[in-house]
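Next come two complexes, and both contain chain A; in the first it sits with chain B, in the second with chain C.
And now, the complex of A and B:
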């Protein structure tokens, strides 16, 4: 069998995901997440008399905690198959990548396993964030003085 | 009204991410990294603060906000102390997110066993 033919057969039998359904799911679920974030922040402001900035930070910490807990319980990955990118693009994805890496490499030891691999996936977010922010500040300084 | 804007803003960001993932070979890791850089660029053009004033607290939820916060903190540091200020200030506003993620990840890893 030629390579081309083989590829065709593989393509034919790969289960097709419905891209439209995926996109709509992530839109609706992501949107609901946004509303939830807003509602939680409003509740914190109302209950604890916090400023918007402090209530927002508490909301983020709450979401990070829940994402970590669900990851540790093994539920998060199952939820991602239903909610798609709606769970990855919010801060929950960042917390999930960190907790799952920490859990997966725990067996290799505290330092060489958990410590060294904790940032495996979250590292790129932090690195590219810092580099781009640094470069843009420098560019802004050069342009605007 | 801000609830509607929150729905649309976070929803559209997730939609774009899903379309990229379904139609290219890029992974979630690529997309989140791209989003952070996009956030810094939106901050640079002072767009993200405007979005934040319209959308409200939900604008801090997507990872895009991370890039914006980093840029704003770097800029504040520069205005305060010059070049040294960038290095001293860059991680200040994102500290809550990074530290809570590290702390929860560590203790969850201590307490729980990996599934599968």
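And now, the complex of A and C:
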């Protein structure tokens, strides 16, 4: 049997993913998390008399802490099955990818395990994040001077 | 022609242990570990411990010492066959490690049966194990990482199985075997193991039936290893279209292990899935006399997948005859 014919049989039986539902869930839940984050920022400003920049930093730290804690407790990956990418795309997903890798490799030693593998998943986010920021800044300077 | 007929090889005894998910599943297992650590510090050590437990129990139940067992053949999913090699250092027995991913158990059985059939050894033990999280770590993402999986993905079963093969006559006879060929039909999706392994399973079943001049209905049940729900459906279509063989008596071990309510996607996978279902369900039901077991293995390496290569697969076949 040719590869193309076989691919047809495979396609016929492969279950369809509910892409629309998944995308909508991520969109709505992601939006709700955005509102929650804004509320936390505002509360920090109101409670501690912080500037917007400082309050935002503290809000991010709070979310990173919560994501890491829930990962360590083994709850975060279960939440992801319900909230889909709404938890993976924001900074919570970044913290989660680092904490999960760190937890996984801590038994392989501090240097050879945890240190070497901590950025296993997050490494590409950092690298390409910095590269795209660099390019965007250049474009920004060219356009706005 | 890669089929062999055995004259005097029998399965005398077996022992299995499972993890917590399998315990909650469809089949009633007597022995299980309560969590995926099994009182050890790492998942890898838990897998080794499970292997040691089944091995010790097979020796103990049959009053065997190390010197009474001629040869041990076995394998698992970890790099360097970690679980099996680290388990076998505890014993003073000749050992061969084999790897054909999830078909390792059947491959080990074929090798052992051959060595016993020549009467070079009297007894041999076939051993295999897999652990959900040690293979997640090796083949996919870190354990706690909440990666969203598609419905076609499979879930590696946790457990270990050892079975004792002898020359002495017993209820289950290892009748014949067919050694598989590596086949690749261009599937690149590492989540779609069912589609990767189905052509291998179909080819080995076809060659077995052709070599031994048998019809598919000769067997009471054809039990494939871990094709999963999707793979089982593909197999029926593919067998009919490519080989014009209608599979009526086909069961897939992967779909029998877990309940539907468990989040295991298309079913179980791993080298233990087949022997767990074979020994704890199919043989205990005492319904089937002629059983064809088809171990299916996807020979994928994460490196080759990342380099966008298609995934090759292999399947080995063993025919068992059960005196009821």
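Criterion: the second predicted complex is superposed on the first by the 116 of 145 C-alpha atoms of A that agree within 3 Å, B and C clash if a C-alpha of one lies under 4 Å from a C-alpha of the other, contacts with A are read in each partner's own complex, and residues count from 1 in each chain.
FYI, a residue touches a chain if its C-beta (ideal position, glycine included) is under 8 Å from a C-beta of that chain, and two chains touch if they have at least 3 such contacts.
These numbers were taken from a predicted model, which means no experiment stands behind them.
Residue contacts after overlaying the shared chain place A:85 against chain B and chain C alike. The partner that reaches more residues of chain A, of the two candidates chain B and chain C, is B.
By the touch criterion defined above, A:141 lies against chain B but remains apart from chain C after alignment on the C-alpha atoms of chain A. Touch criterion met: A:28 reaches chain B, while chain C stays clear of it.
Once chain A of one complex is fitted onto chain A of the other, the partner contacts of A:61 are limited to chain B, with no touch recorded for chain C. In the superposition on chain A, contact of A:133 is made with chain B only, not with chain C. Of the two partner chains placed by superposition, chain B and chain C are both touched by A:121. Residues 17, 22, 71-72, 74, 84-85, 88, 97, 99, 101, 103-104, 107, 121 of chain A lie at the contact with chain B in one complex and at the contact with chain C in the other.
Across the complex, chain A is touched by residues 2-3, 6-15, 17-19, 21-23, 28-29, 31-33, 35-37, 39-41, 43-44, 55-58, 60-63, 65-67, 70-71, 73-75, 78, 86, 90-91, 94, 96-98, 100-102, 104-106, 108-109, 111-116 of chain B. Chain A contributes residues 1, 3, 5-7, 9-10, 12-15, 17, 22, 71-72, 74, 76-81, 84-85, 87-88, 96-97, 99-101, 103-105, 107, 117, 120-121 to its touches with chain C in the complex. Contact residues of chain A toward chain B in the complex are 17, 19, 22-35, 37-39, 41, 52, 55-57, 59-61, 63-65, 68-69, 71-74, 84-86, 88-91, 93-95, 97-99, 101-104, 106-107, 114, 118, 121-122, 124-126, 128-130, 132-134, 136-137, 139-141. Listed in rising order, the residues of chain C touching chain A in the complex are 41-42, 137, 141-148, 150-152, 185-187, 192, 195, 199, 230, 233-234, 237-238, 241-242, 263, 266.
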